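The chains carry the letters A, B, C and D, assigned in the order they are written, with residues numbered from 1 in each.
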Amino acid sequence: MTTSANMICSSNVSREEVLQQFQKVQQETDKLCHPLKIEDYMLQTSPEVSPPKWHLAHMTWFYETYLLLPFLENYQSLYLEHRYLFNDHYIQAGKKFSSAHQSLLSRPTIEDISHYRQYVHQHMVQLIETADEQSWQEINFRLLMGIHHEYQHQELFLADLKYSFYLNPFYPVYREDLASSPKRQAPLIHWLEYSSGLDNIGFSGEGFAFDNECPQHEVYVNFFCLASRLVTNAEYLEFMETGGYERSELWLSDGWEMITKHHYNRPLYWEKIEGQWHYMTFKGIQPINMGEPVSHISYYEASAFASWAGKRLPTEVEWELAARDLIIAGNFKEQDLLHPAVAKDNEDLLQMYGDVWEWTRSPYMPYPGHHTPDTPFGEYNTKFMTNQMVLRGGACLTSIETIRSSFRNFKYLHERKSFSGFRLAEDI
Amino acid sequence: MTTSANMICSSNVSREEVLQQFQKVQQETDKLCHPLKIEDYMLQTSPEVSPPKWHLAHMTWFYETYLLLPFLENYQSLYLEHRYLFNDHYIQAGKKFSSAHQSLLSRPTIEDISHYRQYVHQHMVQLIETADEQSWQEINFRLLMGIHHEYQHQELFLADLKYSFYLNPFYPVYREDLASSPKRQAPLIHWLEYSSGLDNIGFSGEGFAFDNECPQHEVYVNFFCLASRLVTNAEYLEFMETGGYERSELWLSDGWEMITKHHYNRPLYWEKIEGQWHYMTFKGIQPINMGEPVSHISYYEASAFASWAGKRLPTEVEWELAARDLIIAGNFKEQDLLHPAVAKDNEDLLQMYGDVWEWTRSPYMPYPGHHTPDTPFGEYNTKFMTNQMVLRGGACLTSIETIRSSFRNFKYLHERKSFSGFRLAEDI
Amino acid sequence: MTTSANMICSSNVSREEVLQQFQKVQQETDKLCHPLKIEDYMLQTSPEVSPPKWHLAHMTWFYETYLLLPFLENYQSLYLEHRYLFNDHYIQAGKKFSSAHQSLLSRPTIEDISHYRQYVHQHMVQLIETADEQSWQEINFRLLMGIHHEYQHQELFLADLKYSFYLNPFYPVYREDLASSPKRQAPLIHWLEYSSGLDNIGFSGEGFAFDNECPQHEVYVNFFCLASRLVTNAEYLEFMETGGYERSELWLSDGWEMITKHHYNRPLYWEKIEGQWHYMTFKGIQPINMGEPVSHISYYEASAFASWAGKRLPTEVEWELAARDLIIAGNFKEQDLLHPAVAKDNEDLLQMYGDVWEWTRSPYMPYPGHHTPDTPFGEYNTKFMTNQMVLRGGACLTSIETIRSSFRNFKYLHERKSFSGFRLAEDI
Amino acid sequence: MTTSANMICSSNVSREEVLQQFQKVQQETDKLCHPLKIEDYMLQTSPEVSPPKWHLAHMTWFYETYLLLPFLENYQSLYLEHRYLFNDHYIQAGKKFSSAHQSLLSRPTIEDISHYRQYVHQHMVQLIETADEQSWQEINFRLLMGIHHEYQHQELFLADLKYSFYLNPFYPVYREDLASSPKRQAPLIHWLEYSSGLDNIGFSGEGFAFDNECPQHEVYVNFFCLASRLVTNAEYLEFMETGGYERSELWLSDGWEMITKHHYNRPLYWEKIEGQWHYMTFKGIQPINMGEPVSHISYYEASAFASWAGKRLPTEVEWELAARDLIIAGNFKEQDLLHPAVAKDNEDLLQMYGDVWEWTRSPYMPYPGHHTPDTPFGEYNTKFMTNQMVLRGGACLTSIETIRSSFRNFKYLHERKSFSGFRLAEDI
């Protein structure tokens, strides 16, 4: 339920452009809701999952809290007393309801929430069109934050929904009309070599970025090799079938404890049905396409696979140096597959963007010289920078609008609900 | 979520009468649903609570399982594969889903469940009208069971809903149109004396009863006194205000552990708002009517109050001997208050029937000579006969159709979700 | 860790006799300690187990608290500040240490505790010899309580130690010198018939008894049959081998939950080693003697066995009526077997006293007309009278000095650490 | 209970020298035991604590397993079947007993363990004196590992004992004869500046080191400042008194969750007694010496203090660069204070070695180019490299024999049982 850190830099965009971006992201959110039944909006199948109803209310709460209430004169909140229900989990104080218990609330209903969204939307349009020039820079900044915040919650909305549908023994279908990725073998892996030396990573220049990507800074890297594509389901199955989950020497200590305690022996969403491996998808339960990248893998599983293969995971520095000159393209939400796809054999370095978030072996920590920005969102900047690892590159639920070579996602090492996979690296 | 034990005796009733009873109970269930929003059907606010959607499906599942599938030729179940979801918790084997996790399921939707109810209803009418004479006796018996089962689940449906609405910080109103019980003082308590000797309790004769009320059997009782009415909110408040919840010597050991662990210091549903005591009702949060019987009390709290008052709770034998000659009348579901009412001063012995279930100091055990009946429901007969206490007399959510002087309800000693209160007794 | 309820009646015994009783029980306690290593005194292998060190200190604390401090002039407590550590669990208030955490304390050491015991012992002798006549009656009463209290803790001391040694994978031997009960078949069961009618149970007359055995009172009983001996290990094994632990219909609901949750499938202390059933004893791990009564059985297991056998457990009324005319003799602690023995074929009704505590189907509740006695121990009288069942007859760890036909032991239904078994009954 | 990683490099030392080192470390272990009572050896006050008895057996088990059994001909283990009890927690497979439950075992007794230690000691001397030259290099390597392993367990032995004694409400004294550190003010902090650029950290050269310190590798650092001394109790108290534990904005998210869940509001071992702050020490409970470095602090607390002070923690690279040219000297175990001391004002950079382990903001990860060494200990090399932070410099329980500028200790972020404190850093 956590969103990434906060923007620090933004270019000047015209009001018309921003308005279009705002309307576009809101339409896309509406589109995500079309296949849902009212009952689906209530689903909270674990404390880490938020009900769809809450995601919707929360995205809207952001605009109301940081834009309408401070900047739109005479704005009256529609649900003043309910607003704290839509807050997210980091503001704990005084909450009677933690977000872990949203499913205990049937009211406000989804009809109420839809009304709230329309109401805020109309007032946001009004604000964008009428704000005075003096406030506009701040509004512009906050609005871009809100839009990126909504994109991130769209991804969480879908990932949470997949998990909730998976727990239903009848595996409901979210969208029957989704295309299937073609079943074919993945291309052979080859290894790309990178040389050692001083270099720079991190964001600089114009445009939108979060403060955790800043500042750009110098790093020293050794020689390294990177695999040309992601690890596939077929390769992961071989790891499973050769005892990967039983050989403690392959596992990090905390990872071994996790799989022992929870009896993990396969990726999240894999089920063997009548002798054949299936997985849960947004089209329901399906036979596994073995050439696709493996997904819904914890860091521990990625790390154990790498040990088994005699390799390692790349660092985020290595990933960024390899990725920064590539054109950003790939299997993102805009492709509307909502599922990873088999790598095409069209380039040297494949699948760096899209398909699945790639676990790196880099703990999520502030960059040297990083300082918490002085914004309403600034206080939360570094608070998640412990016990999490960095993931890079975006996934099939991520909007391409939000991805940069410097973008840092981060997850706890046990998390498997997002589309997380990995590629291998090695020292030279 | 547990229903009472099973019928052992039934009179012969005509098909027309039974059909009417069946249609009546189903209409009453429908009526309970009118005030609900679709989201409300999903609420499962604790593992002991069942979502409204499940109650509806389960009542219908009973008719399908015990009547249509065995007796109606060519009957096709509408949801053959979903049926195990509607089973109740005592059939554990092979269940992927415990009833404690029904809220994780958004599908089948309430629309699906309504369809299922109509479908089964129509086929039930057909069965009642067309069953051959040879099967009728068994069908009649099972149908009466199903009707009583539905009445009991109506009570659970409402009790669970009250709890779920209470957990919503905005205290939704179930029915704005409910009458309020008049605010007046309860009549003074006087003590009715009963003499010692051999007597009989338990069910005998014609009509419907559960096997746990049988057989009628001899008992020896000492002299005893019974309070003329139930303990009121005003009296309970005095217990609270004089340190009732802090004085360990008043409490049973397990009860003291319960209130210490959960920090209990008042009945379920009581909240102090701006210095005044309120409670949750089906009309939302309301100032407490102090003359009404106290309710939503665990056995431990009833017992501690009795110690504080220098009295004791009655046994179920004492209660039944006192009640058996009274006419069965009182504040039942048919009064449509859905809340206890202040006692009227119109008789010697007040509130024996209706208002609240009365805790007795009798553990729920089989009567001497009891044997498990040889019916499809028989196997569950005595399985709840440990660690529970008997409650008597019915409550404001109970249908008067289901109450007898010999009727035995039973609850774990910590339970507070049903309308449970108590009257005092003493030795002479 | 709970001891039984409190004495209500006592005969006059001379000071010499009481002094001898006191010295005898203390010597017996010392004798129990001889086989222990210092490390053994620290063992607390579950929250329900007390370390031997605590049992010793607690027995002594009783005499100091209820006799020396109030009655012996100028008595100075040796460990005034440590005394609360030796209190038992019902006095919770102000305790930094619950008795569930005694094993966290290495100091005071067992040497300190021994010193404390000697110190209190000497002062007790002084008190008995020098107390004035006026106080003697109260001292006599309290001293008898203390002696019975010490006998009960001797039984707990041994039962807790057996459990703690069992958890050591090397199964330490407590006493190598214990005799083994002869291996032979138990006599065939025959059924003794008892007629119906009004009768009396409970304690009356001279001598020591606890208040929970009082008052003697009238009861009505139906015809019943009682098995001539206890159920044996061989019979219990047959229950196990014919699926007793897998057939949910045999089990009480709470019992089925218990065995499912804890994966119980055999009595406590049974282990299959190289294909042969063994059990833990005070002589270490031993092959099971199949003719002995089964022991270390919860109420739920006894009840499931009775269902499987088509019988039931007796009520405590039935047990007492059958037992009251027998001479009290049997396999008690004084036989120094510390283990149940195969029944001899020398009487109609066998093993009513000694060997194992017999589960009855009677919930532990106050007798009609029972009132809490006004003594320093009185406040705890009825506080355990919920959620427990009555056991009768004493076991191989019980001193014969403490047993009467009216003696009521009580345990939670899941408990298995004491020597608890059962005999069957049935209606006629 | 975890020891650090494994040696990778060792110089050649003569047999006489190694024998002396071995005898010295074993004598020091014996000396640690002198103040203990037998009961103390049983203490396991949390699952993370090992009983003294286990530490002793485990240190000896190491020599037997890795040296005597493989290298000493005809060696017979004294406790062949008990040996798995002395194993440490990373060998999980097949264990009936986890090390978290050692306190459930009273046998083998401490007398047995002492016997085992002497037996192994004698055979070790024999091995050192008689091993052939061919095996000596491997024996030498393993023996150095064993000696360092024993030094680390001495530190754990004492840290665990302090925790166990703290839980005793009478705060036992471990050693009355320990000197107290003088009560005086700490010198003012000044800030030492370090310049940016490429540099090297990590171990190289001759002598003993663990593989996690290798290889030496290039790093790029920015300009930074380091505080001249550790943060003191007085400074930490100011943080507490100005609401440090109530201001969520100062805390990492996981840290805020920890202090909220456990109600932390002060360092481990601090207690306010009659209005004055005390802490637990090896001399029992004592008034706090405010000039000493604060200790028994989790990473989260160190990080929150740094936020409050507007600074940050140093990285391990920064620490090592600052420390590598200092002479290794300070308040180590050899000073026999067993407690941190107030900084003297004798140098620019104070307390880098000894007193307390210093939390760095560096996650514990493998160095670039690190490879798991191919030794019997190698398999465990990187398995702890997740979710832990690096600490540097050694503490008052650490032997100076074991410390290097490159030495990396590591702990979970919530841990407080070791002597852990911190110094501040900042960017320039």
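Observations on the model:
Quick note on the criterion: a residue touches a chain if its C-beta (ideal position, glycine included) is under 8 Å from a C-beta of that chain, and two chains touch if they have at least 3 such contacts.
Quantities reported herein were computed from a predicted structural model and do not represent experimental measurements.
Shared contact partners of chain C and chain D are absent. One copy, chain A, sits rotated relative to the other, chain D; on C-alpha atoms the angle is 180 degrees to the nearest 5. Remark: chain B and chain C have CA centroids separated by 38 Å (rounded to whole angstrom).
Inter-chain centre distance (chain A to chain C, centres taken as mean C-alpha positions): 61 Å. Averaged C-alpha coordinates put the centre of chain A at 48 Å from the centre of chain B. Counting only residues that touch two or more partner chains, chain B has none.
Listed in rising order, the residues of chain C touching chain D in the complex are 37-43, 45, 53, 81-82, 85, 96-97, 103-107, 109-110, 164, 167-170, 172.
Of all the residues in chain B, the ones that touch chain C in their complex are 90, 92-93, 198, 217-222, 248-249, 251-256, 260, 299-300, 361, 363, 365, 368-369, 371, 379, 382-387, 413, 427.
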